[in-house]
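One chain, chain A, appears in both complexes that follow, with chain B as partner in the first and chain C in the second.
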Partner chain A sequence: MTLTLQALINGVLLSGIYILASSGLTLIFGVMGLINFAQGELIMLGAYLAYWAFEVLGVNAIAAIPVGFAVLFAAGVLMERTIIRPVVGASHLNQVLLTFGLAIVLQNAATLLWSADTRRVSAWYSEDGISFGQFSVGVGRLIAFGTAIAVTVALYFWLARSASGRRLRAVAQDPVGARIVGISPERINALTFGVGSGLAGVAGVLVSFTLTVYPTVGLPLSLKAYAIVVLGGLGSVFGAVAGSIVLGVTESLVDIWASPSWSQGVAFGVLILMLIIRPTGLFGSRRA
Partner chain B sequence: MYTRRRRMLLLLALASTAAAVTAGASIAAGTSGERASSLPKVIKIGVILPLTGGQATSGQDEKRGFDLAVQEINKTGFGPNKTRFQIIYEDNQGDPNAAVQAAQRLVTQEKVAAILGESSSGTTAVTAGVCSQTNMLCILTGGSNIALQQQYGGQPWYWHMYPYGPTLAHTARVFFESQVKPRPKTMAIIYENSAFGTSFTEAFKQEFANSSIRIVDTESFTSGAADFSSVIAKIRQANADIVFFNSFPQDTILLWSQFRQANYAPPIMASASGASFPEFVSSLKSSANYATGIEVWVPTVTTKLGRAFVIAFSKMFKRLPTHWAAMTYTSLKLYEAALLKANSTDLAPVAKALKSVKMDSPMGVITFDKYHQALRTAVVFQIQHGSKIVLWPKALAQKGKKFVYPAPGWSKR
Partner chain C sequence: MVDRRRSLITRPRELLAAWLVITAFVCVTGAVSGEYYLGIAIAGLSGAVLALTWDMVAYSGQLSLAHTAFFGLGEYTTAILGKHGVDPRFGLALGGLVAAVAAVLIALACLRMSGVYFAIATFAFASTLIVIADALPGLTGGTLGIFLVNRFDIGILNGRIAIFAALAVILQAAFAAYAFLHLSRWSLALRTMRENEGNAELAGVNVRALRVVVFAISAFFVGTAGAVQPFFSSFIDPTSAFSLNQSILPIVFSVFGGLYTIIGPVIGAVVLTRFTEYVRSALGNANALVYGIALMFIVLALPDGVMGALERITYWLDLHRRRVRFG
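Coming up: the complex of A and B.
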């Protein structure tokens, strides 16, 4: 029973990084209809940014969270304008090929620039744990989960209440109608890709002190984020949160009840099941 | 009817065997046709490594070892013709499919004289497979799965550097049984579930089957996993004296940090691969202290050639070498020595030369055994104040240094 409760706590905390990895992905798909296979590599760039800021400039990785968002937001807008825009509205196969190619380029560039060495932000918040009774949790995991929830709430209010958020939703619902009323879908796409990349940047900063940093660190996260997006429903931010928690907890329980060797397969088992039983996911709309 | 069908099948089998032999012979003839009877001015060799992907940490360090060796050798050249090496690097990305393609390309298109390198057991096995089919001489640095030796050991084209799992398991058992007082009673193993971790763990199970140290728990995971909290909770319940990690460096570092977060410090935490990499210490800082490592070589081994290699490597790359760099460096020097002795790049004379080679190297004096295995021992070290202190075998142990056991709690490291 203690083990199961510990697994539940671990699973919920693990979902923090999943939430941020999948929120950006689902936002980009929901508004732009773009399948972005380079989301994991944007996370990797965010992780390196935090690592170098910590190692070279001595910047606290937690303080680097807004920096991670801002830098990756700018990089995302630039990428959308130069690389992504030609495939927005193109077939999904073209999108997958382009973004997958981009992912490989970013991975190889990271290997060339920073070598394949495993790195890590080593600070008290990445090393220490908190024990209460028979249970223990890492401080870094707690910070990551809290950050993920705070960022998702902010994202929700931005989408629901702000003028730019409303414009973004308008383009997601009907790009032609939005253009008629004077909204530029191109600008909204750039904004969306920027925000999606910024969320990956925040996830990357969290990775730098909860996991390890190396050129391919984003790949497994990216694949899991896809499973989460399908589970929660394509284009639904709330679905991404729910999907992340479901996947994190399921993985942890599988670790305890079966073997961690199985937990990686669980994500894709869930993905296959959802595609068969409920292709729209838990919270996805029929249009998605 | 049945007999006729059997005859037809037999004929087909004979025909396909003949075709395969002819094809193999033509590839071999084509390759040896390129080879001169004495040493040419340039010898092209193929090197297959995981330069990108999850195992690139090992692959990049292997490349550094080759780069240093080739720089030293090519400075003056060797033999009467001042022969130089030209290395064709191929990236297998840690993927067996890519390794097959790389090996085939090196044999058929690049027409290399030999294939060197490799890292994981999975990719090493497929590269060895291509070398077997084409009779291509290979000196493989990677692959700890003993199945490789069982399948290819002693073949004239097959030469192997890295010790197989049983060697490291044996070293671990002898050290824990003879040097650790009071003797530990139980061990738990966490391993990644590819060929590397699985074969190592199997070797440990066999080695410790008749030991007074019992293996009480084994937990496997897929490399690249993000969370080990639940595994750590299970291992904690087993309450073993030794927790052993058979995992790649990035996984070992993450596991280690999550043991600390869980505030669980077993008396001995040991690793067969991860703790020997420089980033283990640079990433974990003081948490790395008192980690025990079983490895074929560490840069603190104080032999004369070992020191010279470490100095030259550090000067060239501004970092310390790992055992991977030492092995690739040594493998190229071995090949050079064999070529000089054979005065030919042909398989038979080079194999004959390798069989009798006895060469001093940064890793000690190297000879090949009857299975064509070069490195047959390992060292045990413990990280103390950020440095790898060699404790075993006694001949290489650093004087005045003792194994700290049980390891202090995390807050005292």
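Coming up: the complex of A and C.
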């Protein structure tokens, strides 16, 4: 029983990184109708950013969270302006190929620049744990989960209350209608891709002190993120949060009940089952 | 949008002529090349089978990311037979069937899906197979993989020449199947399905059945080509058998050569395999970087492929000539 409860706690904490990995993906899809196959590589860039800031400048990796958001936001806007814009509204095929090409470029550039070595931020917050009675949790994971929740709440209020958030939702609903009332879908797309990349950047910073950093670290995370967004409904941020927690908890339960090698398959099992039963996801709309 | 460009190579005679040229080119280069270049030619041929059959599924309006799964299932069929002391050449007959059965199951599960959802589901299927192959070491050797020691001989042909010949035959068969779909009345049904599913249904096309059948035919050829692969590589493990790259490569080949053109994907496979090999020997580790840049370049600069670019050039030349005549 204790073991199961501990697994539940671990699962919920594990979902922190999943939430950030998938909410960027789902935001970009919801507004631009584009599946970004390079989302995992943006996470990887965020992770390296935090790692080098820690190693070279001695910056606390937790302090690097806003920096990770800002740098990846700028990179995201730049990418949208240069290479993503031509395929917005193009066939899914061209979108898949372009973002996949981007993923390959980023992965291999990282390997050439920083080698394929596995690196890790080793500070007290990545090693220590806190005990509550019989249960213990890693400080790093606790920080990661807290950050994910804080960022998601901020994202929610930004989308719901701010003027730019309202414009973004307008474009998500109907780009043509938005243009008629004077909103530029192009600028909103750039903003969306920026924020989506920024979320990946924050996820990357969290990866740097809870997991390890290597050039293909984003791949398994992005595979799970696809499962999560399909589970929660493509384009729904709330669905991404719910999907992340479901996946995190299921994974850690399978981990203790079956074996770690099967837990890596949970995401895909859930995904296939979900696609068969309800392809638009738990909270999905009928878009796409 | 009214497209006034004439499609190149649409009539049966043109198709046959173009095909004979390609086949002759492939066979001659295969016959005169040494061991090393034969290896590249073999990679080009299995790439061509993947691309041709992927294009066949795309022709029916579905974006498959599961082709690596079918290829890998074929590979594992041969390797597992070899491991248990059965003549692994039976894999050629069985690999295609295993892949086709898997394709029918996926297609039935995904009947209601289209577009992005179908792509993600097929992608998930291929990724699940890696996990399953990892988790069943008794059958697949797990992450340690399987070594295949058997040589591949058919009659007087042996080793790489035999592998080359087998793949060439598989490619011809896949071509025949695709050409049949293209030139028979089924092409109308398939193209209507791709453009508008509802219209196809209204016209009496059994969209679901046709999707399943096309997917299964496609998977059969990929599985058979996959079954030849272990003789060439003599080793397989889950990550190489079901690598995501094998799902993306055929798409790149098809888009580069020209979608839905039969000839295009094959040209794409033959040209790009040599190109990547050349880049690999020239740049070493940076080759994947070049490949990624090339992929983005193709999408941004040649959105309808080499065949599309050729069509645009012939159309332009045509216009130009007329303007001169009338002007």
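Basically, the second predicted complex is superposed on the first by the 287 of 288 C-alpha atoms of A that agree within 3 Å, B and C clash if a C-alpha of one lies under 4 Å from a C-alpha of the other, contacts with A are read in each partner's own complex, and residues count from 1 in each chain.
We adopt the following convention: contacts are C-beta pairs under 8 Å (C-beta built on N, C-alpha and C of every residue); 3 or more make two chains touch, one makes a residue touch a chain.
Computed from a predicted structure; not experimentally measured.
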Partners on chain A (chain B, chain C) - clash or fit: clash
Which superposed partner A:177 touches (first chain B, second chain C, both, neither): neither
Partner chain(s) touched by A:3 [first = chain B, second = chain C, both, neither]: first
Chain B versus chain C as contact partner of A:230, first or second or both or neither: second
Contacts of A:268 with chain B and chain C, given as first, second, both or neither: second
Touching partner for A:94 - first (chain B), second (chain C), both, neither: second
Partner chain(s) touched by A:131 [first = chain B, second = chain C, both, neither]: first
Partner chain(s) touched by A:35 [first = chain B, second = chain C, both, neither]: second
Partner chain in contact with A:117 - chain B first, chain C second, else both or neither: first
First, second, both or neither for A:259, with chain B first and chain C second: both
Contacts on chain A seen with chain B and repeated with chain C across the two complexes: 107-108, 111, 259, 261, 264
In the complex, chain A residues that touch chain C: 35, 83, 86-87, 90, 92-94, 96-98, 100-105, 107-109, 111-112, 223, 226-227, 230, 234, 259, 261-262, 264-265, 268-269, 271-272, 275-276, 279, 288
In the complex, chain B residues that touch chain A: 51-54, 56-57, 59-60, 193, 219-222, 224-231, 233-234, 237, 249-250, 253-254, 257-258, 260-264, 277-279, 282-285, 287, 410
In the complex, chain A residues that touch chain B: 3, 6-7, 10, 14, 17, 107-108, 111, 115-120, 122, 126-129, 131, 136-141, 211-212, 214-217, 219-221, 248, 251-252, 255-256, 259-261, 263-264
Residue ranges of chain C touching chain A (in the complex, touch as defined): 58, 63, 109-110, 112-113, 115-117, 119-121, 123-125, 127-128, 131-132, 134-135, 248, 251-252, 255, 259, 285-286, 288-289, 291-296, 298-300, 303
